[in-house]
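Okay, got some structures for you below.
You will see chain A twice below: alongside chain B first, and alongside chain C after that.
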Partner chain A sequence: MSTLTDAIGYGLVSAILIALSASAFSLQYSVSGVPNFAHGDLLTIGAYGALVAQRMGLNLAAGAAIGGISGGIFGWLMYRVVLRTFVRRGARLVFTVAVTAGIALILENSIGLIFGNSNVNLVVANQVARHIGPFLWTNTQLVILIGGAVLLGALYFILLRTDFGRAIRAISDNPDLARASGVRVERTVQMTWLMCGALAALAGVALAMSEPNFGIYLGSDFLLVTFAAAIIGGIGKVNGAVIGALIIGVVTEVSGSYLSAGFKQVCAITILVIVLLVRPNGLLNIQRAGAEA
Partner chain B sequence: MTETGVELAMHARSLVLGYGDSRIIHEVTLRAEPASITAILGPNGSGKSTLMKGLCGLLPPVSGRLELFGKDVTGWETSKLVRNSLGYVPQVKNVFSSLTVRENLDLGAATCRPLCHERMERVFELFPDLHVAQKKTARVLSGGQRNMLALGRALMTEPRLLLVDEPTAGLSPKYAEAVWDHLIRIRESGLGVIVVEQNVEAALENADAVYLLVSGSVAFEGSGSDLASDVNLANSFLGGVDRKTNG
Partner chain C sequence: MSETMKAKTNGDVGAPVFVVDGLRRHFGGVPAVDGVSLSLRSGEVLGLIGPNGSGKSTAISIISGFIKADEGSVVLDGRDITNRRSDQVARSGLVRTFQIPRVWGELTALEHLLISGVAVAEESLRTALIRRRHLRELERATARRAAEVLDYLNLGSLADTRAGSLSGGQKRLLEFGRLMMLKPKVILLDEPFAGVNPTMVQQLQKVIDQLRSEGVAILLVEHNLQALTESVDRVAVLALGRLIAEGDIETVRQIPEVVTAYLGERKRK
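Then we have the complex of A and B:
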């Protein structure tokens, strides 16, 4: 029994990481129509940002902040410098996919050039595991769970209660009507890429904290589960990303603990295919993409 | 100011519009007065919606000039025009269907942070149905309620000139009449209205000025009664429309 509950406990930690990553991916897609294949590298940038901070002697909290800010800046730059031109031109999906995949390669190689290709690690203190209810979590995992939940809560608050969030939802529903309502669409889309870049980077810091070591493919290896969660939930929806993340996170950890860890990705894809066979637009989508909380 | 001394709400001069390489609107000149209803009539595909998109900045002009209350606004972005007293209700997808009624209206008020309560009260006064349905998602509204919400949303931006693309399409005669009543009340409150209408009778009866658009050019402009008394034009065009709307 205890292996099952342990696995579910790990699954929840995984789920919160996937949820952060998938909501960020999903929101960027819903305001701009760009499926960001360089999304994983925003996570990697966050992790390396925290690493740099640690090497400068700062603590992990400051490291997370620096990682988050770096991811925000890179997310914004990606859109502002490269993707905006394609979005405005109404470029077809294949082009934006190719362009973002290209950005991913450039980022990964640049990170490799700067930091070297061997694995690195964040120094995380105090790996004592403790029982909370039926679950067994280390302090680091607890920090990730609580921090992640707080971030998701903040994201919900922004989407549901602020002008910025309402503008995001309006743009993903109907960009022209948003313009006709006086929403500054361009500015809002840029701010969304910034916010989601930061969110993804924070997920990357947490992911790096939960791994013994990591390299330049930290985030891109996480892309598959991110896509799976975002698509299962119905792309463009934060609720959907969270539900998708719970399913993917828990099922992959549980299956990984019984089979081999290498099955996690296979398992994620299997779930994705099954869900899409039954609900071609994802679990929560009624018609088309539209960011709802 | 124009020659007559009355400032026009909107003055489009020799506007040319199109998508990509295809030209849809050819040198259209249109004048809309404040506190009056200007109707645009024309057969399906004649470019009425395209013209409206040009007037509200969603479609940048190929050439020509656009003036809003005497100011040159050629090439301005829609959100900037909306912040300068232009309102626009598109023909299709005219509400945020995934948002609640209240959020739709709140969005309209993106231009007016502190004062929007008053505006919302006024919109609810005009459309009591919306007040009742505040918390509903716009997707579940009936066609008539949807069009009311679309109008209400546009009014929240507090325009002095409102562009409305076919507000009565697909509505029962009773609802269509209610929409026209609203447009007339909106005019009474001092707003200029430019409305695309397929129902020729309603337009001729209620509009102060009428433009007839055929294949992207103005085939007639004048008052409703002028058009009604122009037997040739009326026959060729009104007949044309009737066949199209009934078929």
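Then we have the complex of A and C:
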């Protein structure tokens, strides 16, 4: 019994990491129609940003802030400098996939060039595990759970209660109507890439905190579960990404604890295929395949 | 400016709020809009009629910034807005509807109006996170106005309903609400009465009358001639991208070119 509840506990930590990453991926896709294959590298940038801060003698909170800001800037630059041109010209999906995959390679190799290809780690204090209800969590995991929940809450607040959030939702639904209503579509899309870059980078910091060590593929190795969660929920919807993340996070951790850790990715893909067989547009069933900005 | 336009505007008092001059757009060598000139004064309603493919919708799309013009100019209240981005055109006070009513299906009726309100001019990550006091006041004022507009359109009880589940007529009313929130000087209506039941047509006409009484100039593209007769001051007739006639509806009806190009076609139906 304790193995199951422990696994569910770890699964919830995984789920919050996946939820942050998948929400960011999904929102970027919904406003611009670009499936960002360099999304994982935004996580990696966040982790290395925190690493640099730590090496400069700053604490982990400051490191997370620096990581988040770095990811935001890179997310914005990715769209502003490269992808915007493709989106404006109405490039087909295959081109934006190729371009973002190319950006991913460039970023990974650049990070390797600067930091070396050997693994590094964030210094995380006090890994003592404690029982909270039925679950066994370390202090670090608790910080990730609470911090992640706060970030998701903030994201929901922005989307549902602010003009910026309403503009994001309007653009995701019908960008032409948004333009006809005076919404600054281009600026809103750029700000969305900035916000989601920061969100992904913070997920990267949390991911690096939960791993004993990490390297330049930290984020790209996380891409598969991110895609799976975003697609299962119905791509383009934050609600869907969170539900998808819960399913993928908990099921992969539980299956990993009974089978082998190596089965986690297989399990994620299996869930993805089964869900799509039953609901081809994902659980929350969005029809629209992205917007042109 | 075309000869027909000159004849009309010379006799009018007050400067036009909206002037389109020599608008031209070709698609692969084929002229879709070929030297169209129009002008509107505050509170005036101009009907734009013409057979399918005559360039009415293309003209609206060019004027509203969705398609770039090859030549010509669009001037709103003395400001040249030719080939501006569509969102800039909307914020400058020239707004449009679409042939098929468009709504954001996932957003509530109230949210539609809030987006179109003043606050939308301020949307950014910075203002979303740091909600300054004047912004909050602006939001409150926008919310009040949105509630008033919904009540005026008899949509008050549907404020929190997802727009995707509204009826066709209600969606059309919501579009008008969206326009009203933008405090427009000029409105371009692309076949607003198409597929709308007679009661709703009356309600839409009431809204149009209200807008014109507030000084809004309206360009109304329509196939429904009966509705046009009751709503417009003048009509302009477009055929093959060119303006072939302009004047009051009875005069225009008599012009043989118009009968051939448009009215004749309607009569045969």
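We take it that the second predicted complex is superposed on the first by the 286 of 293 C-alpha atoms of A that agree within 3 Å, B and C clash if a C-alpha of one lies under 4 Å from a C-alpha of the other, contacts with A are read in each partner's own complex, and residues count from 1 in each chain.
We take it that a residue touches a chain if its C-beta (ideal position, glycine included) is under 8 Å from a C-beta of that chain, and two chains touch if they have at least 3 such contacts.
What you are looking at is a predicted structure, and each value in this text was computed from that prediction instead of being measured.
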item	value
Room on chain A for both chain B and chain C (clash or fit)	clash
Touching partner for A:Arg84 - first (chain B), second (chain C), both, neither	neither
Per-residue contact with chain A, leading partner among chain C and chain B	C
Touched partner set for A:Arg166, first chain B, second chain C, both or neither	both
Partner chain in contact with A:Arg184 - chain B first, chain C second, else both or neither	both
Contacts of A:Asn174 with chain B and chain C, given as first, second, both or neither	both
Overlap of the chain B and chain C footprints on chain A, listed as residue numbers	163, 166-167, 169-170, 173-174, 176-185
Of chain A, residues touching chain B in the complex	163, 166-167, 169-170, 173-174, 176-185, 286, 290-292
Contact set on chain A toward chain C in their complex	158, 162-167, 169-170, 173-174, 176-188, 191, 194-195
Partner chain A, residues of chain C touching it in the complex	64-66, 85-87, 90-91, 95-96, 98, 102-107, 111, 114-116, 119-125, 127-129, 131, 139, 178, 182
Complex contacts: residues of chain B adjacent to chain A	56-58, 77-79, 82-83, 87-90, 93-99, 103, 106-108, 110-111, 113, 139, 153-154, 156-157
